[in-house]
């Protein structure tokens, strides 16, 4: 069991070491080293996952959701860590102590969140995650980034505060029902049927809004474009692929309590509403979006909408949503990192000044384009499979209106996003920027790796992953 | 065996751009290797098709490939084989053409990308055709569609190209999403993604399924109200890509419609009627819009809309015949549609390649800036002329045969059904006749203004014949047009195999149903008279006949600019269809006073669906969406307020539980 | 016992009004600090007798919410040299009225809630709701970034009041973690506010609208 | 169908058409009170033209020569689909009516292309008019033939022009009459007769067919005239076979009857030409559409 804590202790230890290190050039490699050290541990934990299944009365444990996410997160972080040294080499003018340290703290806290089996502990972890990303967002130290950081912190904290209230409500629902008051996930699910319904409902609303704020569901998404727009691409990738996914796991855990309580219908309707609204908002704001990094943020909003939508549909839809967590994360990684390359080259985020990227930096621009296609669900990339699975679940449930709305919104998003992406990559570069850039292999390798993952998952799904997805689905929906 | 061959062919086609990735950017060997690989692919495809036509039965092959626990299968039956052949054939001929038309040396920027995408169009389309599972189908579909996008936007530094490319991209995504819906619905029926017949499906479900799929496929095929991407994409793509788009990509949409219909039990009568009427509208309006075009490639593009309409008329007949139990109508309609798929692929590709050689050699695709090219590009002119005759459905070339089959289907339907359906079939005949007349008008205009008379610009006057490779590519297509026109019997085994896989209950006997022998006789008669005519001209030594000026009615200083232009030529017919086409006319203003000012006439024919409907609607939507932007105007206060509102709404939604 | 608790909670509510009614930022911070202290005291009155653990936690609460956090905020205030909240989006009078309305609604709404045992008799739930709403009012109507931090703190305080009902459910570590998180949150926000004042030469958060659509 | 009759058929289509022209011209002259040219005048013209030399425009290509030649070839080939004096045409199959129409389309394609080949704006204008009107004439022709197809339930020209034509006149007089009227209008339009076109006009701006062949000279012009006469003859033959059922007698009787009917139709055309004025160009489409509507009405009567 204590081995599970190692998952967050390794990064935290490395964080300490990084903080203590004096050489600027060494720190990025420490981040990479931490990611590398994490892999064997994660591998071991995943192989012997039965040993780490949450026990009654234990605060930490690895439920199937955790199994899925811990593995995914370590891969994502490894890819992002690969990007750290070449990125920071270009940013020598900035001290990187805080950045590298906080990166590792952030990673450690995500892992801690995933293994927590206590509602309060989860809250502590996610709040710590939020706080550790503040300095990451502020890496560029200018007016815009301070503004983004401020908004991120304030809105995130308000949301998290609401999640705390929701957690308390959850506890109160047990208390009110006269049960022994406990905030252990296992206990709550065990006694779910006897929880007080009104408090449970209220708790779920608050938890969904609280964790939804971290996910970036509309209308709590307002921090997202600012934060993703101003953060280094690497941080954007980790936020969009890591933090939001963890928050989604939180939502799923509370949803599974509702399911266990036999009272999932209202939760589903609620998620359905938030899901569709998020997709619609994302679509509306993506149309004529000039800032391609903000566009990525709205794309993230859209995908969060898809996640809760899939959950709301249930069954295969939930399976698709869980699969989509992985696909979205990897595809977002491709997008954010390649966008970072483009941003660095053109020194602008606006399509007014960034055009013809294919001419200037063919590799990064191609990856950006492919990432766009992957993220919008073009077969044979994996997001297609997950979105399609969600769609067919909706159709199988006879929710034709929902399916139609889903498809229409996907089209809207595709058109909106496509216009911006194509403006960036196609055409002639603006005057003065025609000279082809030298693209460093180190900055392309992680992106290619992520893209390869997205493609691979679309063409062939490993058996262990499939069974992990199904068992996670079964656990959330309370089926054996 | 045949399915393995097909798979090899598809793989070869898809990989045809790969050698170019390792060769230097400006190496001509890359182009040649792509053409070679695609040629090999076409040969493999032809062999596979021949095997299927002889052996008949469907062959399937389970690939060692599982997606989400589903085993992916490919297969080759008559229908697949029928579409596989033109898919690879047209692509290989076009890639041969591209060796000279789009050489790596002079297109360093785009050649590599274009070559790769071009091969992927063919590979993706081939995968669609042989796929027996939804995932493989959709994967092939999207690879094809996206590769086509990258091919269309090869010259992405031009604004018009980017614009057309984006419209195409939006449309193709819409069609893909519709297919998502269709396949999801298919799955909900019996939890299977395999593309196999579902004979027990009830009518309502079948119709819904067919409707969804039809929207997706018709969007790709470019049937009339859904053709909005087609003219722009065809006009701005590199010409060998236009040839493939028109010759093959659109046909994959038709394949989808036919394949989907074959999986479902017979649909309602109204579905067949709908497809038939849509085909009629598409055919008539397509050719009417083609008449008013000034640009050669755009004109050809609208003719694709027309020909897709003719194909859809055949498909509609086949659906009607199957529902009503008239096997003769069914097989005639389907055979007409399918044969027209081949024929249109051949002559439209031929026309595009001809247009490409005109554009390459005279630097313009504006019809009214050309002229007199028959003396400068005699072989291109001959090829284009043959293509023009073929597309008008005139004997002795191939277009006539397939149109005749559709005519026969319509006539049989009118005799067999009577009543409203009979009248519909009759109006189908009239529509087809009108289309024939208009198409002839349009192509005599295009051919005449571009190739005949005097050159209207210096560039046209200085044009020279296209390089031999391009001529060989055109000659191959022209030859195929001629062979299919004179000996349509050659296609019968393939057609019958395809019809059998469409409706296993039907034993097609095309040789009885259609007068192929008489067509051959008539075509041979025409050919004999052509030869006799040439012999006579030689005997009369017409080549050395005394030459003089064209009769000028006494006006002594005629100039090439005084020739009848394409706009003037079409003005009468465009005027007749004014109610539908709504041309924008800038009438000449001569000014008041005794001496007229310099004046010009300018006509424009905006597309009704794209320019009058879709784009304004899109603009309105963009405007509306920018209105929502005030929501996100930077005030963190309001952002917190939104969260508060979300809580309230959430509680209200959950009130049932709270109260 | 519950009378004492009720008294404390009433004072908490009064501080809410103070926070809404004053224009002096310092006073707002002080009110939040006093609230935090009162919460610690309330915690002790409810559970202080139950053991060393609870005692320690109560003391920590007073230390963090009543001393440490206000100190951070005050130092931020000093470094910025501002004193007053000027021209909030909603005037002070109106905020007061809104606060009164929120408090009233909270009391009424709490009546309708299904509450366990003694919780129905004490002001715990209405006070919690009212304090949270006060936090929201501050968050959405005040211009200064620092005031908004206080708003967040108030929201947090309101939630803490609710948490008082559930002490048994919260393990010590978790409770401590929550406290620590709040402390760090305010600390980080204080730093950010500091940077804002440097970058923007004022901490009016409505100047922070460069990032927008 | 015997070999002899096919030979006769070929002989008729090659030799008789100019006579039809002569008949029409003679009729016109007589109605106008003139004596008119000899009946055989068209033959004299053709012989004279065949003996002349060809002069070509410098602009032209092989297309220019192909125009008249294809015109003759298609007309002859089309005639093989129509039963003249025989019971079944030399070439007959289901759907041959489509070939019939499309052969004329092919001829027209090359005639117009030859006109454009000269680069003359007048000839371009003539070509434009030709294709405009024929695009409308095509549906009218098809609809008229469809009336017969529906009536007989047969898809070949020989089938619908068989012996029972007379009987059909009795059973379905209205549809057949409508179709015949429609066909007559098409015949006049396709062959550039008054009221659509005036073959004798001398002003380029008002011509349709004639203006397209301004540059053809010598044998080429002869071929144009010959082909045009053949086209007129074939279409007249079609109409004649509908209007005048063939007697059930020996072959010579049938052929004589047929030729008499066609020449009589020539007289009718001549009368129309003599008595009517030319339509204004913009009224032409109206008349053609009206012809289509007549046939469509006939079909509606039949199908109901």
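Letters A, B, C and D name the chains as they come in the text, with residue numbers starting at 1 for each one.
Note that in this section a residue touches a chain if its C-beta (ideal position, glycine included) is under 8 Å from a C-beta of that chain, and two chains touch if they have at least 3 such contacts.
Quantities reported herein were computed from a predicted structural model and do not represent experimental measurements.
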So which chains count as neighbours of both subunit B and subunit D? none
For the chain pair with the highest number of C-beta contact pairs, give its two chain identifiers. B-D
Measuring between Cα centroids, which chain is at the maximum distance from subunit D? C
Ranking chains by how close their C-alpha centroid sits to the total C-alpha centroid puts first chain B
Just how far, in Å, is the C-alpha centre of subunit C from the one of subunit A? 30
Counting only Cα atoms for the centres, state how far subunit B is from subunit C in Å. 68
Between subunit C and subunit D, what is the separation of their C-alpha centroids in Å? 100
Chain centre separation in whole Å, for subunit B relative to subunit A (CA means): 43
Junction residues of subunit D, two or more chains touched: none
When you check subunit A against every other chain, which residues touch at least two of them? 150-151, 154, 158, 198, 225, 285
Contacts with two or more other chains occur in subunit C at residues 139, 148, 205, 208, 210-211, 213
Pairs of chains satisfying the touch condition: A-B, A-C, B-C, B-D
Show me the residue ranges of subunit A that touch subunit C in the complex, using the header's touch definition. 59, 118, 120-121, 123-124, 127-128, 130-131, 134-135, 138, 142-144, 146-151, 153-154, 157-158, 161, 164-165, 168-169, 171-172, 174-176, 178, 181-183, 196, 198-199, 225-226, 229-230, 285
Along subunit C, where are the residues that touch subunit A in the complex? 113-116, 132, 139, 145, 148-149, 152, 155-156, 159, 162-163, 165-166, 168-171, 173-175, 177-178, 180-181, 184-185, 188-189, 192-193, 195-196, 199-200, 205, 208, 210-211, 213
Touching subunit D in the complex: which residues of subunit B? 371-372, 374-375, 378, 381, 385, 388-389, 392-395, 400, 403-404, 407-408, 411-412, 414-415, 418-419, 422-423, 426, 429-434, 436-438, 440-441, 443-445, 447-449, 452-454, 514-515, 517-519, 521-522, 525-526, 529-530, 533, 536-537, 540, 542, 545-553, 558, 560, 562-564, 568-573, 576
Which of the residues in subunit D come into contact with subunit B in the complex? 53-63, 65-66, 69-70, 72-74, 76-77, 80, 91-96, 98-99, 101-103, 105-106, 108-109, 112-113, 115-125, 127-129, 131-132, 134-139, 141-143, 146, 149-150, 153, 155, 204, 214-215, 219, 285, 292, 296, 299-300, 303-304
Can you tell me which positions in subunit B touch subunit C when the two form their complex? 629-638, 640-641, 644
